[in-house]
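So, here's a batch of structures to check.
What follows is subunit A paired twice: with subunit B in the first complex and subunit C in the second.
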Partner chain A sequence: MTQATGSGAIGGGQVEVAGVTKRFGETVAVKELSLTIPHGSYCCLLGPSGCGKTTILRMIAGHENPTTGDVRIGGRSVVGLPQVERGTAMMFQSYALFPHRSVLDNVAFALKVRGIGLPARHNQARELLAKVQLEKFANRLPAELSGGQQQRVALARALITNPRVLLLDEPLSALDEYLRLRMRGELRRVQKELGITFVHVTHTQLEAIAVADMVVVMAQGRIEQAASARDIFVAPRNAYVARFVGGQNVLSGTVESTMNGMAAVASDKGARFAFPVGEIRPARGAKLYGSIRRDRIGVEKMLPGAKPAGGLNTTVGEVHTLENQGSYVKVTIDLDNGEEFVAHVPDDTFFRNPLDIGDKVEARWSASDVKLLDDGPIAFEAAAVEARAASAD
Partner chain B sequence: MHSADGSRPWTFYFFAAFFGLFVAFLYGPMVVIYVLSFQGPTGGMTFPLNGVSLHWFDALISQSRVGDIAGSFQRSIVLAAVVAVVTVLVSVLAGLAFRRPFRGSAFAFYLAIASLIMPGLFVGLGIALTFRLLGLPTGWYSSGLGAQLTWTLPFGLLIMFAVLGRFNRSYEEAATDLGATNWQKLKEVTIPMLLPGIIGVALFGFTLSYDEIARTALAAGAKNTLPLEIWAMTTNVTSPTLYAVGAVTTIVSFFVIVVALTSIGAIQRRRSRSNT
Partner chain C sequence: MTSIEHAASLLEEAPPAENTGERASWLQVAPMVAVLALFFGLPMLVVLVVSFFDFSRTDIIPAFIFDNYVDLFTREVTLRLYASSIKFALIVWAITLLLGFNIAYFLVFHVRGLLFQIGLFLLCTVPFLTSNIIRMISWIPFLGRNGIFNQALQGAGVTSQPLEFLLFSDFAVVVAYVHLFTLFMVVPIFNSMARIDKSLLEAARDAGAGRFRTVFEIVLPLSRTGIALGSIFVITLVMGDSFVVRTMSGGQSASVVSALQNEVAALQYPPAAASAVIMVIIVTLMVAGILRLVDVRKELAR
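And now, the complex of A and B:
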């Protein structure tokens, strides 16, 4: 396929969404969104249903057109171009394999509609089926295959045109847990092997973090954070990302004082935390949000009648649920103010002195593990600091 | 549903009896007609059977005094086939068009469906009068065809709505995504996937036409269709030939259904072996 070879220094598979808004009648699915996905990267669009992630994917594929804004692939605007001229291929959520065609004919379909003769297109389709270890099933109908096999057929069918961008709409949601874990590794391997851009839509946080180079967390048609999978997990930008991606507890409180890059913060219920604020000098009384990783929290049982130590960076509550996850135990604590607080306690630590549901516990952590979140008035302060830093360069 | 002691509740017997009555009412009279069509040559229109023979079927073929059964049968088959083809063409295209709402689509839909609730006899009468007004001769192939289409098209459209309601658009999007033109998409994906439903529409069009009376009666012109011929016979034929006609026409109906169902089955079997 000639259109498959990319052009230009930025790489043929770079996808740019530039200031795109998409309206469906009255509802706005995507608002003024800009995003650049580098050539050859694996990008996950992550968000709850209705956040606009599938709409973005469909606009890249050309199944929808942006109301305003531009979509560029390999540096060239593709708005209004037919699917074939974009160099994209799409894997649909339920695979959309043609039920009346054999596996071989499904894979060869793109060649058939391009007028390539039967022997040539079947040869090419067989080669691709061999790559996904399905050559034995060439003459079966899709309905005669398992979910995982169907997914591989869909992958082969999408790849036969040598696309520079593969778009995957919830590719794993139709599979059971076991296959989902296996196939996501498989997708990552195929992407590395082909070196093309993958854009993968999912609502499963761990799936995104497991496969992607770049994770884009979306909510209500906007991007909340676009960063590496590691940053999304360890350094969520705001409370929404911290809560949605999981693995974090969100703390909040009003500033009492600031000293040496640490702000002393009091929660509504009187617990006191220290937030590292760096260069920022939040005003007294300003509301700050911070996140603390679940696995950076120690949980200690309080003896009956004992008063909480009440030191900095502690919170008190009652054990609500315990889930043994093998290498760690997930402890959910009901705080006094009704919020939930989750700690991942390593199994050996936990079982040295096991907790029970209903136990009064104190959770504690180190201030240096708290990440300041970009919510509330602090967003402007942080922007100002960034601007100062930029002008100093 | 068995209760603990293995006996069934009284409702089971009540509904079983009701269903039995329904089946008897539906098939009993038909069975009586088929049995009586084998009446001996000297037998009459009622029981008892006076011997068993094919005499009345013979009388049917030799076409003496019973009317134009063979001719009306031919007309009915041709008419039903034409109705089936037109119904399929129009309702498939209309069904596809209605998937995307257009200005006035709701109005167009109600306009098309309204003819289902109009009294058929008057639709036929209206068509006949209009033809006369325009100075056109009425005929089974012109005004009769039109009258039947007012009945089969809305039915076909409703069936297509049901068929398309279950048809996932992502198959068509996948075809487009893989480079199919609109025409290729229709030919390679949409039509083949809808084919069982389309055969259903054809079957409906055929059978609705084949036994239509109300709309055809006044619009068919000089030559009768089979149902009209039979209707006329019930008033002036007083031999078991009438029953023989009933038996033969039923066989034709069953034949059409069997052909339709086996072709749907054959399509699915061919698909599973297909390699093209």
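And now, the complex of A and C:
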């Protein structure tokens, strides 16, 4: 390999964002944010638009500088360094391919800037194009390619300098559904093959969970949860993450009593739930939040005129929408208090005794499937438990 | 109606529908065609016809002779006039291109906020609220022997003698041209630059390109439509000018058109017409040359 491409390997691809705040005039895009992305991992920054995820990406890339705080790559501070010295490469949302240059010249551009001769840089670019199965299109202009092909050109162009960190800004948002699903698998494969760090910004929950080792859920310039993709899905930390990532219903209520690590909680509407609370002993009357996975809920039709059984861990409502998703049916239930409650019922269970829109149903689940969320006074309690544990050491 | 009949009727209807569409578009361009034919095509035709006429001291005599053209091509002064006009065109083109590109670049890439951008852009057009002549003539008291500029230089002790080359010289002509025509370069370049996706610049920087590299590799090629259009404006304006040359050079320099005007003043219409025809051909060739380099239509459709 040439000297220009060799430099990427120096230092690891660990990305550290340390206490970074970014202000644009009056607005604060990122607030006191700290995050460590391990070398060689695939990290997704997930959040709604305006949550600061793209700003973080751009600060890692060097297209923005943090107002305060530090960004380190491979242990070395890169604030103020030009893009070339960071060992990063960025793939832009709209791909940002140079419209007046051939696909080959687009891919070879970074080498041209580094002063590598035409035959050498074209050879390298051709190799990369072959990797993304586009060698046939080398002499076309970007506008003559389809969206998916353009995206692969953008990927090849970003990879030509052998970066240690690849930054992807909503890389799949411009593709249609079919290509999006294919490309996200492809991105994951490329990342595994190269073993470099990928930081991928997206607002699509399933995309993040599908590709990432590590998912960082953000809101309003802060991190709500940074954890493995699986944990983000099955063990959201708070109601925001549970609601945003989806796959969960959020339950809330005030504590009536606590026994053997289970709190009995009553919702505003009088439904009663059991929450596993572990070490914490929430005060009577404290408000607790819990989550229950959509696919851990059983739905049963109530006979007309029947009274709800009113047992623990049930809730009653009317079927609002039904969506057949193939392997399961998504049942949205309008609760009496106007909230929505979603159950994913396996297809065979559902079609044994199908429901109809407008049916009165009772949803039930097991208390052990409920996860306590870090909201309300429990956040302080949890902090106190941690503090106690720490002082006991 | 059965579905087959229905389909058949659709087939019958389709071609006329297309015809009316075509007719409608012809109707739409008709006013423009009429205006151009009446005010451009017809006069050009007259000029062309007259260029083959004979003339005496007082009359133009219908004929079909090539004397006017032969005269034009054999006179040594013709070459000098064209050389002078082309020299001015090239100098002014180079300066306005440099200025126009930089002003447009500043407006598009350095000015943040659309409102501020539009505000500054409008500021560029403010001089156009006064007439060309006034704008040009106001250079005379500024650049004159005892003008503001010379007085300021002498007052500041930079020179002891007034600078003579400032007014009634080629320098003054170029200054006036640049002043009058830079905006014609700024507007089209601004227009095509504004359509460059900003992320392309970031992508170039990401690839390691410095500022100048980015300008030369990305911004310049993507602004070429604007540059071509601006060049056409500036070059045709300078080539077709007589007034600025005459006024600002104090009669020392001449252009093709000012010579042509002299002939008109002397009622020598046929040679003036021949001169005009050649001028139109040469300028058309220059424009065609620019359009050959840059496919403006394709770029505009982009």
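Quick note on the criterion: the second predicted complex is superposed on the first by the 378 of 393 C-alpha atoms of A that agree within 3 Å, B and C clash if a C-alpha of one lies under 4 Å from a C-alpha of the other, contacts with A are read in each partner's own complex, and residues count from 1 in each chain.
Heads up, the rule we're going with is that a residue touches a chain if its C-beta (ideal position, glycine included) is under 8 Å from a C-beta of that chain, and two chains touch if they have at least 3 such contacts.
Just so it is clear, the structure is predicted and the values come from calculations on it, not from any experiment.
Q: So, on subunit A, is it clash or fit between subunit B and subunit C?
A: clash
Q: Check whether A:H100 is in contact with subunit B, with subunit C, with both or with neither, and answer first, second, both or neither.
A: A:H100 contacts both subunit B and subunit C.
Q: Under the stated touch criterion, name the partner, subunit B or subunit C, that contacts more residues in subunit A.
A: Tallying touched residues of subunit A, the top partner is B.
Q: For A:N139 in the superposed arrangement: first (subunit B), second (subunit C), both or neither?
A: first
Q: Go through the superposed model and pick first if A:F92 touches only subunit B, second if only subunit C, both, or neither.
A: Touch partners of A:F92: subunit B and subunit C.
Q: Check the residue A:H63 against both partner chains and state whether it touches subunit B (first), subunit C (second), both, or neither.
A: The answer is both, since A:H63 touches subunit B and subunit C.
Q: For A:L118, decide between first (touching subunit B), second (touching subunit C), both and neither.
A: So A:L118 only meets subunit B here.
Q: Go through the superposed model and pick first if A:V84 touches only subunit B, second if only subunit C, both, or neither.
A: both
Q: Following superposition on chain A, which residues of subunit A contact subunit B and also contact subunit C?
A: Comparing the two interfaces on subunit A, one with subunit B and one with subunit C, the shared residues are 61, 63, 82-84, 88-90, 92-94, 96, 98-100, 109-110, 113-114, 157, 161.
Q: Going by the contact rule set out above, which residues of subunit C touch subunit A in the complex?
A: Interface residues on the subunit C side: 197, 199-200, 202-209, 213, 217-218, 221-222, 302.
Q: Across the complex, what residues on subunit A touch subunit B?
A: The touching residues are 61, 63, 82-84, 88-90, 92-94, 96, 98-102, 104-105, 109-110, 112-114, 118, 139, 141, 144, 157-158, 161.
Q: Note which residues of subunit B are touching subunit A in the complex, please.
A: Checking each residue of subunit B against subunit A gives 168, 170-171, 173-181, 184, 188-189, 192-193, 271-272, 274-276.
Q: What residues on subunit A touch subunit C, complex-wise?
A: Of all residues in subunit A, those touching subunit C are 61, 63, 82-84, 88-90, 92-94, 96-100, 109-110, 113-114, 143, 157, 161.
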